[in-house]
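Take this structure, written in structure tokens, and hold onto it; I'll ask about it next.
Letters A, B, C, D, E and F mark the chains as written, and numbering starts fresh at 1 in each.
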């Protein structure tokens, strides 16, 4: 049983990304959408470090249209993070046994 | 597919400042009639929902906290509370209200189980449907 | 439409926030549209909490902005979507159909529910969780 | 009413969230009521963002819950409060008075604004900031 | 020119209390309302420590009706924090030159 | 009391995920007609509002970011951005869009001033009216 965790809040202002990462199990995936995408910008931020630390066990995805809306270039995201479109979001939801939203 | 599924209601928000805790509880009560396997998870600020002696007359809003205590009557018996969330907020089990249900021997037993974060992650992983509010 | 090789998934979508203030309704709409484009099934879209506000026919957004309610209504029309507005949440927030408007004495013409939405109980949310393969929640 | 020794303050109050979902409207109401009880002046209450949703006459909250819209309407009646709903925010969210309903062809009886509220422009917010001694914002 | 800063979000989930305290000047006051009141519970929490560190320069108040709604006893708050009712909120707003909300 | 006051608009939220940034900007534009002393503060996640190359076609919502660049035409000339907020988010001044206005010598000069937290606190303290969204 694997889970797709969705996070939609900025990790600089809210605890939801940290909480999602702390509860994701190996084989799970995390998808950052809406304001959460500001956390995947490459750099020495707390959010980038948290994502890097999580990635050995957990795949990290980010919604491309939300990235573009926040002015983040596709080549400006943390290494290893996969960019998906809405269709990719649907595929991820279909590929995991359930979806858990961290609102 | 079987018609019986494991439902988890995830509560991560403080009560009263927003309506999510109240309206989530309304879903739990309605959902109880569907005879699924129901669990409630309280973590992060959601642990404040179970703090005892909530008195809302001063803010002019309805106090729904007593409804948690009635969950046993609806056959909702599994309330998991995350230990780390309590500790970070300076709370202990003693700060939480009593929520009980009758076991097979007709004894009142606590519906609240304090679990650590690793166990909470396992509980979440074991569900079929996760409703977050 | 993509070839799914028979892998059609039955989704249920839950929308917990109203239009414009939060992006949740927009994201849910894009997700639902993409799922349908890919040949998946949408068992139901359930509007709860402030999500019920997506169902008002009275919005008049600026010409150069998207019309969130219209987006949903048109998607429902095209794909025969079942879009359910929670009655308890709707009563708190002032979303009424003709029956409800009459029952509460709100006057002729007061019904403000938009085409494609119907008002029903929370049981419809639980049923969606039971019947769908995946339930996806969008909110704040 | 307390003796202020002549120290009457002119407050403006801004409400940025709708009823029930956030406590902001309740807190703003309690603040406004207390200020009036203490003999202060309320220059204006301005409803912006989802705050415009406080002004719908169509809510039917459960019997054992407070009625947020009614609380405001009654306070306005008692103290001749000037309660202004931002027109741009209201159009996005479906709050209309009779003129607006007609102008946008929404049909007879569609106006859903509650007693004591009036729809006007954002200039009324700026004016409140200029005229009042203190502007207090309640939101999410 | 002194300011009354209002904070209405839980400091365990949001950054608004930390940001308000970081921008308050000596002579200012901070009032915690709504969900923010969970931060004033006495104990070894990060929120309690932040409030204690701020108090030499800045008066900290909390709205009593919101405390009661969250089950926090009047004698269970961080030392030095003053409890006020809605009338006290009005008095604080009147006593400072302006009110700044940290939403 | 004078009819001219110092107005500060405080922006602490990211754009697009919520409407606050857009609707705040609408207030600033209307407010400009009132000829008060107007400043905008961008701190915490509000600094993301000024990031350049925002493209919103993919999410289906209107892109209001270009409006910031028009603020100079409305005589709104003071945009203060907090340095610490930028740094914590891995941003530098180069990541921000250009917002300019014409100075008295008819030269285009930047309306954006990066200030440290202590200076931001002083700017806030100096205002008569603070509008937060």
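Heads up, the rule we're going with is that contacts are C-beta pairs under 8 Å (C-beta built on N, C-alpha and C of every residue); 3 or more make two chains touch, one makes a residue touch a chain.
No experiment lies behind these values; they were computed from the predicted model shown.
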item: Touching chain B and also chain F, the following chains; value: A, C, D, E
item: Chain-chain pair with the highest tally of contacting C-beta pairs; value: C-D
item: Between chain C and chain F, centroid-to-centroid distance (C-alpha), Å; value: 35
item: Chain centre separation in whole Å, for chain E relative to chain C (CA means); value: 39
item: Gap in Å, rounded to a whole number, between the CA centres of chain D and chain C; value: 28
item: Shared interface positions of chain B, touching two or more other chains; value: 16-19, 44, 59, 61, 129-130, 132-133
item: Residues within chain A bordering two or more other chains; value: 8, 12-13, 15, 34-35, 65, 85, 98-99, 101, 103
item: Shared interface positions of chain C, touching two or more other chains; value: 16, 20-21, 23, 27, 30, 49, 62, 65, 88, 92, 135, 137, 139
item: In contact (per the touch rule at the top): chain pairs; value: A-B, A-C, A-E, A-F, B-C, B-D, B-E, C-D, C-F, D-E, D-F, E-F
item: Of all residues in chain D, those that touch chain B in their complex; value: 20-23, 26-27, 29-30, 62, 64-66, 71
item: Residues of chain F defined as touching chain E within the complex; value: 10, 12-13, 43-44, 117, 120-122, 124-130, 132-133
item: Residues of chain C touching chain B in the complex; value: 14, 16, 48-49, 88-89, 92, 121-123, 125-127, 129-130, 133, 135, 137, 139
item: Residues of chain E touching chain D in the complex; value: 6, 8, 33-35, 65, 85-87, 89-91, 93-94, 98-99, 101, 103
item: Contacting residues of chain B [partner chain C, same complex]; value: 1, 3, 5, 7, 19-20, 23, 26-27, 30-31, 33-34, 36, 129-133
